[in-house]
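See the structures that follow.
Across the two complexes that follow, chain A remains constant while its partner is chain B and subsequently chain C.
== the complex of A and B ==
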């Protein structure tokens, strides 16, 4: 007889509602922002190192696709993290604790992020 | 023919659980998932699952149906079957005893922690403790819970901390007694819940509300408890 009981926790077999996906993505975007700060600090450091450094940082943001993509990714993460965070705060006050309203709020977070992603793209490129 | 894929695990024969496929003739009828399970039982009498009232009152047959927790007896095939396939797995995160039967010990331990009974240290009146209709109304949406565990086992916070986070079901019951005008132990109850895990592991993703077969809202109850804890602390 097997002495260790199995546990059904194969996440791929479960359906995850939108509200749950927004919540986990809120965390992931938080980690992305934290890690991305390293990039921003490096860029900031370069830009402060002197006139030549400032020019190279400016050049990177204007010509390097990688730097532009990272900037866009960070802005999008920030947009998502901010709107999902606002949703959390509003729910903490006791607003939108019904399933319908929470679902709509999650959809609004996704919609708002898409808009912000486009705006960030326009600004970066 | 409906294809039914069932999670199988026999503690004395199997080292690991596996999925077994069955073919079932539903006759084109929109049966309940429990009816299909009963048909499987005819094909394989060794299949184990819990059931009792078969009408959504006892809460015995909670299971993961096509990825969503629910009661097999009140879930019609039309509400869950996709591409003519029904996938039945035990409720997540609790240890599997056999097939679809889980060990609910951890779930009941959390229920026990919230002292799910009336505490009142004032002398009992001659007849009964009266409540106004308004006071009674506060218990609606709280007392109807049948402890099927669909909510707690759908909650990631409960998955990762089943021993420390009370879980939506237990917290709904905790609030049921916090909201009861006849209960005098509010302060003690709140003191028992006042730690980083018991209540505050809830992040409001509402998986509990999504799956509750009785249409209850543990997230809202947890919000009320959180507010009571915050008021108490200030």
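== the complex of A and C ==
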């Protein structure tokens, strides 16, 4: 590439429409889920290690605020990653690619995530 | 210009497709687990153990596990090529992801088949 072309990579000077925010948050939620795998695998391992392990996993989810908070955070990230991922897949097959519908879809993703986040909170606590 | 991109499959298109297929499997699996746990608030160990003792559940879980490995690897590979420019750092980051996904896969297989 010619190095004489102007390059603007100063994200602070960009506009971030909702669609862009949903896109970057999809990426962030993906990374969050990846980091959370340690927790999920440990929990799964403990819960299947025997009756005592199952009880301790259950106990952690019922009494430890940290465990509950991580669970809620992961459910919420999954809710977002899932909704935005579905939107992505639907657009991949060519549906809703116009600016209007894309904007609406992004709003739906945000709305759905907020609802799921509240429901996940009700479930965990 | 980037001339060669090989990360998981043989080509970017293959990766793109794998990313979508694995996404669908992961979506089905996560919906199943959430619905199952919601429908069984009084879950006990015997029931939980029996669930993962079923061959169908083991196959479904293994599919999800393999999808997870491919999905995370392809996804984080894209993230690393976007943000990490120096070769050494990117290489190390990708190796860490690769090793972690390998460990998760083996760990998951051991859990499912109780070796």
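One rule holds in what follows: the second predicted complex is superposed on the first by the 118 of 125 C-alpha atoms of A that agree within 3 Å, B and C clash if a C-alpha of one lies under 4 Å from a C-alpha of the other, contacts with A are read in each partner's own complex, and residues count from 1 in each chain.
FYI, a residue touches a chain if its C-beta (ideal position, glycine included) is under 8 Å from a C-beta of that chain, and two chains touch if they have at least 3 such contacts.
The structure presented is a predicted model; accordingly, all values stated were derived computationally and were not measured.
Trainee: Check the residue A:20 against both partner chains and state whether it touches chain B (first), chain C (second), both, or neither.
Mentor: first
Trainee: Should A:47 be classified as contacting the first partner (chain B), the second (chain C), both, or neither?
Mentor: second
Trainee: Output check: A:91 vs chain B and chain C. Expected answer is one of first, second, both, neither. What do you get?
Mentor: After superposing on A, A:91 lies in contact with chain B but is clear of chain C.
Trainee: Show which residues of chain A both chain B and chain C reach, each in its own complex.
Mentor: In chain A, positions 1, 92 sit in both the chain B and chain C interfaces.
Trainee: Mind listing the chain C positions that touch chain A in their complex?
Mentor: 1, 20, 23-24, 27, 30, 34, 38, 44-45, 48-49, 52, 68, 72, 75-76, 79, 104, 107-108, 111
Trainee: Flag every residue of chain B that touches chain A in the complex, lowest number first.
Mentor: 7, 9, 11-12, 14-17, 64, 66-68, 87, 89-97, 102-103, 156, 159, 203-207, 209-210, 217, 219-220, 223, 226-227
Trainee: Which part of chain A faces chain C closely enough to touch in the complex?
Mentor: It comes out as residues 1, 27, 30-31, 34, 37, 41, 44-45, 47-48, 50-51, 54-55, 75, 78, 82, 85-86, 89, 92, 123.
Trainee: Please give the residue numbers of chain A that touch chain B in the complex, ascending.
Mentor: The touching residues are 1-2, 5-9, 13-15, 17, 19-20, 23, 88, 91-92, 94, 97-99, 102.
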